[in-house]
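Chain naming follows the written order as A, B, C and D, and within any one chain the residues start at number 1.
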Amino acid sequence: MRLVAEGLSARRGEDLIFRDVSFDIGVGETLVVKGPNGSGKSTLLRVVAGLLPRESGKIMLAGGEGQGFDTVAGACHYLGHRNAMKRELTVEENLRFWKDFLGDSDGGAGVAIDEAADAVGLGSILHLPFGYLSAGQQRRMAMAKLLVAWRPVWILDEPTAALDAAAEAMFAGLVKGHLSRGGLALAATHQPLGLGAVNELHMKGFAVDSAEAWA
Amino acid sequence: MSEQSLAIRKFSDLANPTRFLALSGAVWPWMAAATALFFAVGLYLCFATVGDYQQGETVRIMYVHVPAAWLSMMCYSVMALSALGTLVWRHPLADVSAKTAAPIGACFTFIALVTGSLWGKPMWGTWWVWDARLTSVFVLFLMYLGLIALNRAVDDPARAAKVGAILILVGFVNIPIIKFSVDWWNTLHQPASVIRLDGPAIDPEFLRPLLVMAIAFTLLFFTLHIVAMRNEILRRRVSTLRRLAARSAGRGTSGPVPAGVGEGHP
Amino acid sequence: MTHLAYVAAAYAAAFLTVAGLVLWVWLDGRARRRELAILEAAGIRRRSAGEAK
Amino acid sequence: MTALLFRDLKLAVRAGGGAMIGVLFFMTVVAVIPFGVGPDLNLLARIGPAILWIGALLAALLGLDRLFQAEREDGSLDLLLMQETPLVLTVLVKCLAHWLATGLPLVLASPLLSLFMNMDAAAIGATMLTLLVGTPAITFIGAAGAAIAVALPRGGLLVSILVLPLAIPVLIFGVSAVYAAVQEPAPFLPPFLFLTALTLVFAVIGPVAAAAALRASTD
């Protein structure tokens, strides 16, 4: 199965953020989106996740299990800047909710909640309210959320922003495990993810010529 | 009990809450027993005495209604004292006391309101009138609920304690209003008949069960308050320990973690 | 409704409220003790129980 | 979907949740009225149903702005939007949880407040019944307002302004059904059935509009 984008462009308000972006990610591959601040990395990821409308172009899943999904978004996990966990609930309640609510999509199965917490090195604090955790721990628990329900595509927006070196290495291990089980990943980041050789997409940031109508 | 053995393990740094836990743990079963005893005697007296020639059987409602109403005001006074303790002396237990008294006070006020209504219907022909006494007690009830809501809305106990204490003290003006409302305004509600300067204006026949019930309710309040305070101390201890647990968790995972899921952490 | 019914209702209401309050306090205490036991089982102890503050 | 229902209910009753605030607001609003209009029991009995309905309407609107805003602030909304389960269904379940946590307590508290208003048994029963049927409509149409205001600063006030005019029909039929039950010549059933129909209609257009607004509001 492949995640294919052709000639994508998107705008926010009046401004065209990027234009004519194409990529093709296969199983076991990671595409790392790089570029300076404001170059549209987050926007690209949100467009792929179906959270922002695209101006033109198309995104599709091709081949194999890719046919089974109604929408591209339905095949994706999205790890954004925010963790999508409730401070008032315990970590376990949070993870259980997402496991039950998201469910597994075709081609794989999520791991058990305690296993996922162990995988991010925080198995001992499942019973704590999420709000008690430090920023780094919260981020790691948000990553455990990726494991509890199976999605072939991981869309990761600055996944390692609040993490120390050890946790970064841990996260690289998680992504590798995901790739080896037939997944693929699309990540935006400044830091190297420690994944070894990956494809890179450089977002150049956009010149003002898009706004020529108003300039 | 496990927390008691915890409490006396190290004698040198017994914090106040710890000492309170040990002390209250020894005291509250006795208080509970005394409460049960007084209630047994009080309830027996309630139904052994004859009815009033004017009010008939309904006079028996008084034995519940009047003590509950007293307690609703006394509980607020306890909370006001605790609020002073929080703001002036910064006593660590004062805030625990104020916070835990609120639900208990709300329950007693609720009992006073309900039994009052059930007494008013046969006597006055209506469940409720908006006179000074009844209205001020209802306002007291709302204030209790508001304080509970405030405590629930702020999740940091130290911050909730200060604002809660200020609100309690501001609300204290309501207590004298309740107490003297029956004297200041002419209302349906009868004036105070037990605590008066010229001695009780109530037949000793009724006074005896009323006093026993009042003592029983007061004991009940203090028993519940102490046990609830113990719970609150434990709750705060749990939350401190949880923060401790969160801080210490994940320290052991320095160094690279193997790739597979579930193998990362021994 | 007879007067006796009002009396019975008043006592029942008072009893139910007090019973609810007692039950709540009791259950609350039990839940807290259980949480403490879980934490203790996980090896988390109070500082004052272990070392000085 | 039941997972979402239980999570929202849990969040509502946990510390900091809004389940109790609504009832408290309801009681306070109703308690304030007699100070304004005077303690005339006959007058209070006459205007009681209307006051209870207005109080319930305001209390039901109170917590609505957090319905989607809380989800948006921690990023959960993105994940809810991405799923293949229809968004309308997600919104409907969230409305249901919100009503169970804040609407149902209002219905349960209404008989108590009716007594304060010196209403008779028929009026109390009718008020409770109409509130039971009518408050879900407020939640459903309120969800649409909450979804529209989700990304806006000071969305809370805006939700009330947007939703109150839309909730007026609910108020009209709710109150008229109660009065029809109390005053002899007017039949109770027609306004009550209208109220039921309104709730059913709002149960459809509320979530549909909310889902559309949520899709449009992402950024």
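By definition in this document, contacts are C-beta pairs under 8 Å (C-beta built on N, C-alpha and C of every residue); 3 or more make two chains touch, one makes a residue touch a chain.
Chain labels with UniProt names: A = Heme exporter protein A; B = Heme exporter protein C; C = Heme exporter protein D; D = Heme exporter protein B.
All values derive from a computational prediction rather than experimental measurement.
Student: Give the chain pair that accounts for the most C-beta pairs in contact.
Tutor: Contact tally peaks for the chain pair B-C.
Student: Relative to subunit C (Heme exporter protein D), which chain has the most distant C-alpha mean position?
Tutor: Greatest centre separation from subunit C (Heme exporter protein D) goes to chain A.
Student: Measuring from the mean C-alpha position of subunit C (Heme exporter protein D) to the mean C-alpha position of subunit D (Heme exporter protein B), what distance in angstrom results?
Tutor: Result: the chain centres lie 32 Å from each other.
Student: Using CA atom averages as chain centres, what separation in Å is found between subunit A (Heme exporter protein A) and subunit C (Heme exporter protein D)?
Tutor: From the centre of subunit A (Heme exporter protein A) to the centre of subunit C (Heme exporter protein D) is 45 Å.
Student: In whole angstrom, how far does the Cα centroid of subunit B (Heme exporter protein C) sit from the Cα centroid of subunit C (Heme exporter protein D)?
Tutor: 13
Student: Which positions in subunit A (Heme exporter protein A) are in touch with at least two other chains?
Tutor: Subunit A (Heme exporter protein A), residues with two or more chain partners: 124.
Student: Can you list the subunit B (Heme exporter protein C) residues in contact with two or more other chains?
Tutor: 155, 242, 245, in rising order.
Student: Where in subunit D (Heme exporter protein B) do residues touch at least two different other chains?
Tutor: In subunit D (Heme exporter protein B), 15-17 touch at least two other chains.
Student: Can you check the complex and tell me which residues of subunit A (Heme exporter protein A) touch subunit B (Heme exporter protein C)?
Tutor: Subunit A (Heme exporter protein A) residues touching subunit B (Heme exporter protein C): 111, 115-116, 118-125, 128-129, 131-134, 137, 140, 147, 166-167, 169-170, 173-174, 176-177, 180.
Student: State the interface residues of subunit D (Heme exporter protein B) toward subunit B (Heme exporter protein C) in the complex, per the touch definition above.
Tutor: 15-17, 20-21, 24, 27-28, 31, 34-35, 39, 41, 44, 115-116, 118
Student: Quick check: in the complex, which residue numbers of subunit C (Heme exporter protein D) touch subunit B (Heme exporter protein C)?
Tutor: 1, 3-4, 6-7, 9-11, 13-14, 17-18, 20-22, 24-26, 28-29, 32-33, 35-37, 39-40, 42, 44-49, 52-53
Student: Which of the residues in subunit B (Heme exporter protein C) come into contact with subunit C (Heme exporter protein D) in the complex?
Tutor: Going through subunit B (Heme exporter protein C), the ones touching subunit C (Heme exporter protein D) are 2-3, 6, 9-10, 12-15, 18, 56-58, 60-61, 64-65, 68, 103-104, 107, 110-111, 114-115, 118-119, 121-122, 220, 224, 227-228, 230-231, 234-235, 237-238, 240-242, 244-245, 248.
Student: What part of subunit D (Heme exporter protein B) is in contact with subunit A (Heme exporter protein A) in the complex they form?
Tutor: 1-4, 6-7, 10-11, 14-17, 73-76, 78-79, 81-84, 218-219
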